[in-house]
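Provided herewith is a single structure, encoded as structure tokens, for subsequent inquiry.
Each chain carries a letter (A, B, C and D) given by its place in the written order, and its residues are counted from 1.
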Amino acid sequence: MGAPVSLEMLCLLGSPLLGGAVLALFGHRRYAAELNVAFSAFTLLAAASLVVRIVADGPLTDWNEQFFVDSLNVFLVALTAFVATTTALFSRPYMRIERDHGRVTDAGMRLYHCMYQLFTFAMLLVLTTNNLGVMWVAMEAATFTTVMLVALYRTHASLEAAWKYFILCGVGIAQALMGTILVYFAAEKALGAGAGTLLWTHLDAVKDQLEPTVLSIAFVFLLIGYGTKVGLVPLHNWLPDAHAEGPTPVSAVLSGLLLNVALYALVRCKVITDGALERPFASALLMGFGLASVAVAALFLSRQRDIKRMFAYSSIEHMGLITFAFGMGGPVASFAGLLHMTMHSLTKSAIFFAVGHASQKAGTQVMDEIRGLIRVNPTVGWGLMLGTVAILGMPPFGVFASEFLILTTAIAQHPWATPILLLSLGIAFASIFGKVQPMVFGETTARRLPHPPALIPVFTHLALVLVLGLYMPRYLADWYRMAAKLIG
Amino acid sequence: MTPFAEPLQDVLAIACAWLALGVLGIARPASAAWSTRVLYPAGAIAGLLLAATALAAIFGQPQSLVLPLGLPDLPFHLRLDALSAFFLLLLGATAAGISLFGCGYFRHDQGSAPGLVCLYYHVFLASMALVMVADDAYAFMVAWETMALSSYFLVTSNHAHAEIRRAGYLYLLIAHIGAIAILLCFGALQGGSGNYTFDAMREAHLAGPWGTVAFLLALAGFGAKAGLVPMHVWLPEAHPAAPSPVSALMSGVMLKTAIYGLLRVTLDLIGFQLWWWGVVALALGLGTALYGIVFAAVQSDMKRLLAWSSIENIGLIFAGFGLTLLFRGFDMRALAALALTATLFHCLNHALYKSLLFLCTGAVMHATSERSLGRLGGLIHRMPWVAWCALVGTIAIAGLPPSNGFASEWLLLQAFLFTPGLPQGYLNMLVPVAAAVVALTAALAGYVMVKFYGVVFLGQPREAKLAEAHDAGLWERTGLVWLAAACVLLGLAPATVIGLLDPVTRVLAGDGIASLAKGWLFLAPIQPARASYSPLLVFAVGAVLVALVWLMVRAFYHGRWRRALPWACGFPQTNARMQDTAEGFGQPVRQVFEPFFRIRTEAPAPGDAHPRYRETHEDHLWYGLYLPVARGVGWFTGLVTVLQRGRISVYLLYSFATLLVLLLFVR
Amino acid sequence: MLALHFAPLLAKYGPQLINLLAAGLLLLSFAMLTQRRILSLINLFAMQGFVLFLSTALVAWLTWQPHLFVSAALTLALKVIALPWILHRLIRRLNVKWDVETLLNIPSTMLVGIVLVILAFNLALPISNLAGTVTRATLGIALASVLLSFLMMITRSKAVPQVIGFLAMENGLFFAATGAVYGMPMVIEFGVALDVLVGALILGIFLFEIRERFDTVDTRHLERLKEER
Amino acid sequence: MISASGLAAQFTELVLAMLLAPLLTGWVNQCRAWLQSRSAPPILQPYYVLAKLFRKDVVLAHNASPLFRVAPYLILGVIALAAAVVPTLGTDLPMNAAADAIALVGLLAMARLFIALAAMDVGTAFGSLGARREMLVGFLAEPALLMVLFTASLISNSTSLATIVETLAHKELVIYPSMAFAGVAFTMVSLAENARIPVDNPATHLELTMIHEAMLLEYSGRHLALMEWAASLKLFVYSGIGLALFFPWGVAGGGDALGIVLALPVLILKLAIGGVLLALIEMLSAKMRIFRAPEFLGIAFLLGVLSMLLHVLLER
């Protein structure tokens, strides 16, 4: 007991927390954006060192077991830190332009930067904590911070979106608390009351002794709770509004990271439940919700006029696909699911970066009024085009790799699901590509951007996705395999 | 390393070289000279090397290679066997000619920067080469979709025009859906083993239903790529939209990659064949062939006409493929080999003459900036090189002896004539009908090509500006002549080609027919008494006869001749507009096959001072199949929007209901 | 001192007392479900908080767990004093006194509520049988009150009642935590309490924002973001 | 493989065909005249015409391309080649190994292609009109002819004309109902292909009705002569095919010189009768509108398919 918290963890969680505090004060200064980047970069550094350590000497529990890092969450930690950093990079010019347009005040900038860091902190806490209760608390905190971010513009639409986001996720999360309590209730039998009872590692150790009925009910509550945040149909209604109305960097981190984090929480709970129940109860639920999300989201796509809204729905679709993969389970499917998580967050955030600049240039998010990007800002246009092609699962981009594994496994194990997937993917392709193509190609009258757009993030992400589609380093693969084994 | 010792590595090297050329292209994107004077010639040389390597590899042992790329559990497997080698030969030989032509062609601005076009073009070539050698599902799919993507960017390279964007969209959409079907087909083939290498699929002993599922998925997927009716709608849009060398590459080679994939899956990966698969493919193929050629007959845009004729040829190829399956299903190996030979031979021929003709249209477009047949004519005087090369292509595609087109159609018909041997009553009835359709299609092809050639190159120029038309440049001529020569040679020495095909058929159909060919001179598929054909002899005797006639005429009579106004039954001032237009020429076919078309006519009013008559022929399938599907989906999406009506209480109700349902579901 | 005298009594009647309080909690939830006036809604909420406090304290006494006393104190501070105070100020500033029509009329709401209670009890029955604690029946009631507040949130069309419903749901959860299992670990109790507080504050801010944008807090004006048919 | 006698037979047959072709045309014209109770032109009239045309100057339209001038030689050559394939006297023909029935159809199609292209070359209204009509006739007549030949090849299990004749003539006599259908189909096809009434009228230059003549309008002098010659040779070839398929008796079997000598009078007799029949048909039927031609040929095509079906159903 009483082991001092390790340096990596300290930096990892400390840096965003400190950043939040500092930027709460100086968030409106000219150098605030640079500060923001710096803090995120430092977090990334800590995450990297943590990764190195985990890869070197296996899972690690920290600060008398309050923190637990294994290969499953360490890669999410790394991903989160990375995307957070690139997004910070992107938000530098983006928010500057927003400010020039007078859409954000000084107070707004302060709020933005502060909340951005705190949001990062909350997500990292969800990922690293070993305690299901703390996980819940952190998830709620993440909700609050993002609610503030979504409402940043204080416009009619943004307020409405934020309100819905708050109420729906708040209620959802409340169900998750109910689930947590039930888990605790079940755990008491096995572990006895006490602070250690909700520690995931302990639960994992005794999961086969947990009471199945309680666990199944608990899982239902947890699924409703965290599923709301993942954006599973029919709990998804907050998602498109929140994505479309917040500042674009926020949309990027929302669909790039927050959904992943929520799904991570869900997966942790699934592991316990599967251990306790003999029948594949959790898996069936996950597959069902996953398929429903894929199908419904695909149908929504063709209806969209607002570009960010459309990509929000595409996020729902991909989350559904990942959930379906985890539901199928098995080494291949889980591997594919994790891979798809990574690819999706990289690609989708890259797309949002491009979309952000595109809509800034056109001065609107309405797709019919964005035309001929490739003529004025070729780089933005290409970013959007390639990103779209990638997210639609076109090789050689990495998204295809995971979709390949998921689909082929699906037809082998659950043939009944494949027609739905085939149709949904086809419709999704038709809808998204049919809308993006005229935006990128063709002629336009728009002007260039006042500030040079932030392209490093976009093309870094796309390059990563491309490389991972063609070649995956050995240790990365092992890492995924280990994580997949944990999920089972 | 000695040349051709390691053909697979050579192929890989060539593919990489193409990729490198593409990358070099964007090094100087704006400079047309850089890409056309340096990169395209290099690409052409690479093509020649590829052809040579493949030629050597056809008779070699299968080779395989594993690259350290791809998925962690599934590195890229490559394999080069006779089938791959044959299609690589096709690719290399055709690409060489097209690249040569491209050297001269791409000088003009195609909308996108020359460097970018160069990138797409060479990535396209490389990906096609990789498709041929891929030996696991993942590598295949990656190469396959890269091919689709690069060709999409080529099609939309001139993306300022809305209809070109529409064409590209339609193309990529259908290609992608097809790709998903192929992917699922592989999923079915691996039979739950979780191992996606082709070797594993060969080993996996599928249950009957799974085999059928795989075959149908493959037929759908590869059919979508090949332009099989009813999945053909993208083809007449996309091929004309692309720059002509690209159209040539797509029509000539890319469609064949689909055939390759289909052969690979059905005859190689699936362990068994059911005879009724063959019937399905045969029926689809014949339908496609007739549909395609009938629509080709009424086109008034020369590239669309060629595109539709590609659909026809694909139909014939599928018919041959279906016949192969049929024979294979009844385990009549020799006949299966015959049908397969015809199929593959036709693939090769179509690749050559269709690219030749597309390149000719490209030359015409550069010279006249006109695509519509109604504004061309008389170009044989202004651009003799193009005209005579086009004549070769025309004869070949019309399937007239002694051209290569005739040789393959001859084999195909021979294969049909053997079907009465099938141990199945109804199938025997199929023979006459099927053979009749093939014959009708071939005859119609003649009609269409006379229309094409006559309207474009013969007669009087229909526009004044055609007088300024210039002949193709040196590079372009080289490309054209290369392809034309290939057509002639293949036509004259079919026995040699069959010799090339022998290893392929031995692998796929379990037997070959080359051994039965009566020497190099004669083409005798099963036994000489039954049927034999010697184009060389025909050509030689024909040439001698023509020469004799000419000599005798010259010997006995004077050679006087003079120029005058055309006679035209003595009608005064007949002018160029009085010639048959393309529409006029197609009118009889339109009348005979009226039910095929969805015709809209704009007839002038009786007292019209400037009467205009327009008639459009559209595809029933587009209105009868695609639009309804689109509308259905639209309606469905409208239904779904009920989920998102904005009222927060309702949203809460959703999650509440879900919660309750699940809780009951737990109990 | 006093406690020592009461100890045996409590030990005897404690469980029944807790069940009584639980019943009270459920009654209050129903009352809130039917209540139209916002002011009295807030008072009901405060009372619910008080009941919660009592039960927590009682459980703490019975099982003698110090951290439960803390959370009891927390409940008192937060749910009985702080939140109602905030809410009162809120409605005074927004001057909304009435929450006239509910989306579903009261009697049918009641019926649905009863069905929910039955479902909750059925659900909790097998679990409660496993429960080793003195407070076995409470879990079902906690579940029921959670579902009831959920129902309330659905049926109310104005923002403030929805918020109250949200907070009432937290109450139910809290009761589940204390009643069914003798309280969660300390850390979590604090975390939850903190979240509730912060959440309430944010909601307050929002209500003002919405108020000044839309000059109403009727959530039916928050229906612009949707899919057209 | 290729015997000297075979070569000899081939050569004689070819030369014979080239020389006899105009005579056949003349004979048909004469019969028609008699049947129409006109005073007939001399039977050698076609030869006179050819001779005269050969002597005349060629007048070329201004924008006639080289193709226009090459075409006549090509067409005559190709049709001569076709004639070489058809066994009229003996079945021991080297060319039969080189070109079978399918190739024969191909050769005829080749000739059609060139004549149509040549007609379009000058670019007058009539030329392209003729070409279009010719191709219209062609794309229905060609498959019909192919069907007829296929029926025969299915019967004799071979597409080589020589083998077909061998089977039909020199095996024991069998009644083939399918061949009856085929015969009707073939007659209709050859009427259409040789520009005969009811599809076309060789003796008219009425702009609206003519097909074959419209294509020759711009030709003159020796070119026209070659074209005319090719036309009559084509008629000869078709009669040859008809005889080979339906009246093969009398054609000499594998390489007996005597047989060939005997075959000659038989051939002439058969041709004479055939000519009379042709004239009779032309006499009895009326020229149909060009738009009716597709129906006429469509029927021929269907009959051809039917004959194959019949064979598959009844005779196996």
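Rule of thumb we're sticking to: a residue touches a chain if its C-beta (ideal position, glycine included) is under 8 Å from a C-beta of that chain, and two chains touch if they have at least 3 such contacts.
These numbers were taken from a predicted model, which means no experiment stands behind them.
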Practice item. Please give the intersection of the contact partners of chain A with those of chain B. Key: C
Exercise for review: Starting from the Cα centroid of chain C, hunt down the chain whose centroid lies farthest away.
Suggested key: D
Review point. Which chain pair shows the largest tally of C-beta contacts?
Key: B-D
Exercise for review: Give, as an integer number of Å, the spacing between the C-alpha centres of chain C and chain A.
Suggested key: 31
Review point. Any idea how many Å lie between the Cα centroids of chain C and chain D?
Key: 102
Review point. Between chain A and chain D, what is the separation of their C-alpha centroids in Å?
Key: 79
Practice item. Could you please state the distance in Å, as a whole number, between where the Cα atoms of chain B are centred and where those of chain D are centred? Key: 35
Practice item. Mark out which residues of chain A touch at least two other chains, giving numbers and ranges. Key: 163-164, 167, 171, 213, 217, 240, 300, 303
Check your understanding: So which bits of chain B are touching at least two other chains?
Key -> 638, 641, 643-644, 648, 652, 659, 663, 666
Point to revise | Residues of chain D touching at least two other chains | key: none
Practice item. Write out all the pairs of touching chains, ordered by chain label. Key: A-B, A-C, B-C, B-D
Review point. Can you list the residues on chain D that touch chain B in the complex?
Key: 54-55, 57-63, 65-67, 73-74, 76-78, 80-81, 84, 95, 97-100, 102-103, 106-107, 109-110, 112-113, 116-117, 120-129, 131-133, 135-136, 138-140, 142-143, 146-147, 150, 153-154, 157-160, 163, 205, 207, 217-218, 220-222, 226, 291, 294, 298, 301, 304-305, 308-309, 312-313, 316
Study note, to complete from the structure: So, in the complex, the side of chain C touching chain A is made of residues 123, 126-127, 130-132, 139, 143, 146, 150, 153, 159, 162, 166, 169-170, 173, 176-177, 180-182, 184-188, 191-192, 194-195, 198-199, 202-203, 206, 209-210, 213-214, 219, 222-225, 227-228
Exercise for review: Within their complex, state which residues of chain C touch chain B.
Suggested key: 103, 119, 122-123, 150-151, 153-157, 162, 219-220, 222-229
Review point. Within the complex, which stretch of chain A touches chain B?
Key: 163-164, 167-168, 171-172, 175, 213, 216-217, 220-221, 223-224, 228, 233-235, 237-238, 240, 281, 285, 296, 299-300, 302-303, 332, 374, 389, 392, 394-396, 400-401, 404-405, 407-413, 418, 422, 425-427, 429-430, 433-434, 437-438, 441-443, 469-472, 474, 477, 480-481
Revision key, fill the gap. Interface with chain A, chain B side, in the complex: residues 68-73, 137-138, 141-142, 144-146, 148-149, 156, 159-160, 162, 165, 168-169, 172-173, 176-177, 180-181, 183-184, 186-188, 190-192, 194, 196, 633-634, 636-638, 640-641, 643-644, 648, 651-652, 654-655, 658-659, 662-663, 665-666
